[in-house]
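Once you scroll down, you'll see the structures, which are given as structure tokens.
Presented sequentially are two complexes of chain A, the first with chain B as partner and the second with chain C.
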Partner chain A sequence: MNLLTVSNLTKRYRRGGKTIAAVDDISFHIEPGETLALAGPSGSGKSTIARLVLRLIEPDAGHIEFEGNDFLALSGAALRQRRARLQMVFQDPLAAFNPRSTVARLLDDPLRIHGIAARAERPRRIAALLERVGLAADLAPRAIHEISGGQRQRVAIARAIATKPSLIVLDEAVSALDVSVRGQILELLLDLQRQERIAYLFISHDLGVVRAIAHRVVLLEAGEIAECGDARTVIDAPQSAIGKALVAAAPRLNRTRP
Partner chain B sequence: MSPLRRFLRKPEAVAGAILLAALVAMALSAPMLFPGDPQAIAGPALLPPFQDWSLPLGTDRLGRDVLAELFYGARTSLAVGLAAAAAALAIGSVVGTLAGFAGGLVDEVLMRITDAFQTVPGFLLALAFVSVVGPSLGIVVIAIALGTWTGPARVARAEVLSIRERDYVAGARVIGMHPLAIAFREVLPNALPPVLAMSSVIVAAAILTEAALSFLGLGDPNRATWGGMIAEGRAVLRTAPFLSIVPGIALVLTVLGVYLAGEGIVETTAVRRGLS
Partner chain C sequence: MIALASIRDLTVTYRRDGNEVAALKTINLDIGAGERLAIIGESGSGKSTLALAIAGLLPASSRIEGRLDWFLPSSPSSGAKAPPSVLPDISPPRGEITPSFRLSPITEIASKELPSKLPISPLAGEMSGRTEGGGTDRQPKFVPLGGRDIGFVFQDPSASLDPVMAVGKQIAEVAYTHLGLTWPQAYAKAKSLLERVRLPDPDSALRAFPHQLSGGQKQRVAIAAAIAAGPKLLIADEATSALDTIVQAEIVALIRRLVAEDGMTLLFISHDIALAAELAERIAVFRHGELLELGPTAQIVDAPTQAYTRTLLDAHIGLDATPLLNRAGLNA
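Moving on to the complex of A and B:
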């Protein structure tokens, strides 16, 4: 059974009397423990889809089924409770955290809100989460702006896995990191997926990263699906014009091809 | 350079801080230096200043010690000024946060209420409120806060409107935080700096409004107030002008001190935020 099924999802914006479809009749699905990548140039609707799936914005049409339930039908407390299973990691880890918070408070929030651990037990759980993402437990009292970008993205991942989700949306989660740190974070994500069977909706414009982490890929252009299929097949031999353009724009891929 | 060092390099800010410190010292030392009732008769009526060193600033029409009244008046001014400003800032930031974060109908209703309060002149509102409910320290504080919370509310709302689009608010929604918790734990603390920057002006205005209410006889009648002293002295303005001049100078210096010190703090912290 599919973990997430998105069908005929549409989101339109009105700008200056004209209606633009940011996401136009998109359908896809994700299976448990699978990584589906959404790739495409800027303005192709990748991030809008991420925000629609997370119910941060509401669609104009379409259905989202998550873990066998109609996700769009939920509201209020039921929706907040369900959010534990569907988490997100943002592109810019500095913007994604309250600038006043500490590492401990960021990890405490999900544990407290979803009643995962009693107050007395939480410091231990926070330390365990930090260790799980490869950070030292003594990082907990530090302010979020005092730690490095790579550490911050690890904290973001720790926060996302705190509620034991079945799906994590990664919106350009490694795009702002430098290359060496990016490799380590991708390793961590693959490791978590192997052990916890977490599925990823991986949003990126970088086909090199997509090829390394995704099982399947959906290429988007102007809010519509241009091409989809097995990640390596699509990236090694793109059929659509936008697919060819994206591959051509990533010179590393051309070099490594035999 | 630390904010304190930057503050100390501004002569006007230091002058303000010294004036403010003197005011606080007056307010705190009043019951120790003048243990009796400041409104009790202490000597002959209308004694001019610097004649009798047990009554350095002389006495008023009823023979009350002007210096003692001045010290106790500092207590009233400071208490009312700070309490009214704190109440105005608290109401303003809560209303502004709710309006900006909730949007839609809630925003519309709250902002029309804010408009309604803003159209009535603040002093008139305070005057009407005190004359209906009756003068006492708490009522004066509420009356002044009623006319001043609209400014902080508008500033807070504008700030919240920009903050609620940030990623960390989306992040808080994703982890399932309750909207009220997001508004008051994630958004409000980050919207506060520009609201707090208004506090020096609000405190200064509140002290002046309190003095004006007391001058019109609408202050707390059981407390010595500078406004009340000026009103008292008005009847004998030609023969004993010092009775109005002394509390008048105290009022001017206090407002100046609050304003200069407040501006100094705002400027030094603004520089720090700009750098980070």
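Moving on to the complex of A and C:
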């Protein structure tokens, strides 16, 4: 059974008297433990799809089925409860989190709100979460703005996995990281996927990264699906014009002795 | 290599919360006239501080030590209006077209704190009386002026462009200020620059405001403004990092073309070693405020001497990289 099934999803914006379909009749699915990448140029609808799937915005048409339920029909307490299973990590954790919050507070929130651990037990759970994402437990009292970008993204991942999600939406989650840190975060994501069988909706403009970590890819252009399939098959031999353009534009490091 | 600029023992210190942080530590670097030089590094490497130091854009609170000598050929830009407040005693031989490259040591950064009245002009040091590069100590001092002799393209054009001024005027005022043109001439120049940076429909683009343009189009406008006065040096500081891959490739191609057509020197600051290698002839690798390694691109890419450079190269995830994903492992 599919974990997530998106059918005929459409989102229109009005801009300057004109109506633009940011997402136009898009359908795709994600299986448990699978990474599906959404790739495409700016304005192709990647982030709008992420926001629709997370129900941060509401679609004009279409269906979203998550873990066998009509996700768009949920509201109130039922939606909050289900959201624990569907987490998110954004590009800039400093923008996503209160910068004055401590690491401990950020990890305490989901444990408290979703009733995952009693107050007395939470410090131990927070330490375990930090350890799970490769951070030292003594980072807990630090302010989020004091720690490095890579550490901050690990905290964002720890917060996402605190509620034991089956799907995490990663919107350009490694794009702003230094390259030496990016590889470690990708390894962490793959390790979590192996251990916890978490599925990822991985949004990126970087085809090299997509090819390295995704099972399947959907290439988007102007709100529509240009091409989709096995990540390496599509990227190694793109058929669509936008796929060819994305591949041609990727920087290449021509090393004779790698 | 004929040097355009020579940096000696450049140390830049920022004061933050009462602490002094060295952003650059005794940097020695020559920028060749007409070369495309990439400065590579991760966050905190000092690469942007170097760009700002060269452009004279460091904040007044920073402490700058060392020398920065320029070897600009005598400027043929006749009729240029040099703001007298910025260039008090400077009278370079304007109007005198010198076909041969007469190199003259022009400025230095004196080992002293900047006067707070000149926050963006750290290059105006005292005459040292030193003789270098074939020039003499009787040469008139010539301070490279940001916007005229140095064009700067920043990462975020939304932040560097004025949001409430039509883009045509933003480009035209560079030409008006530095080239001594009338406003109609400056606007004509702005239109031809918009054509050069391949903005569709330059006539209506002149009247457009930044928010009406896409990110790539805004960066084209920023580049047009940066080259409007015909600078010798173009500095692009992460100028393509906020753009998607396709637009990034277009902007890199545009920079390459403009630099070649105008004979500019390019300083390309980037975190992306693959992108830099496609564009630059030489690469300088920075880390923690130090220049670790400098060499021709092929040498840096194929035979780096520093382990850190190798780490950066290995961290590049290209379209031919071995997938991190072990499907068998994951699907088991």
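Annotations for the structure displayed:
Just so we're on the same page, the second predicted complex is superposed on the first by the 252 of 258 C-alpha atoms of A that agree within 3 Å, B and C clash if a C-alpha of one lies under 4 Å from a C-alpha of the other, contacts with A are read in each partner's own complex, and residues count from 1 in each chain.
Basically, a residue touches a chain if its C-beta (ideal position, glycine included) is under 8 Å from a C-beta of that chain, and two chains touch if they have at least 3 such contacts.
A quick note: this is a predicted structure, and the numbers were derived from the prediction, not measured.
On the shared subunit chain A, the superposed partners chain B and chain C are arranged side by side without overlap.
In the superposed pair of complexes, A:92 makes contact with chain B only, with no contact to chain C. Once the two complexes are laid over each other on the shared chain, residue contacts for A:188 go to neither chain B nor chain C.
Of the two partners, chain B and chain C, it is C that touches more residues of chain A. Applying the stated contact rule after C-alpha superposition, one finds that A:128 touches neither chain B nor chain C.
Residue contacts after overlaying the shared chain place A:247 against chain C, while chain B stays out of touching range.
In the superposition on chain A, A:232 contacts chain C only, with no contact to chain B.
With chain A used as the common frame, the shortest Cα distance separating chain B from chain C works out to 6 Å. Interface residues of chain B facing chain A in the complex, by the touch rule stated above, are 166-168, 170-178, 186, 189-190.
On the side of chain A, the complex with chain B involves touching residues 51, 54, 56, 80-81, 83-84, 86-88, 90, 92, 95-100, 109-110, 113-114, 159, 163.
Those residues of chain A that touch chain C in the complex are listed here as 33, 35, 41-43, 149, 178-180, 182-183, 186-187, 190, 193-194, 205-209, 211-215, 232, 235-236, 245-257.
Listed in rising order, the residues of chain C touching chain A in the complex are 42-43, 214-216, 243-250, 271-275, 277-278, 301-303, 311-313, 315-319, 321-325, 327, 329-331.
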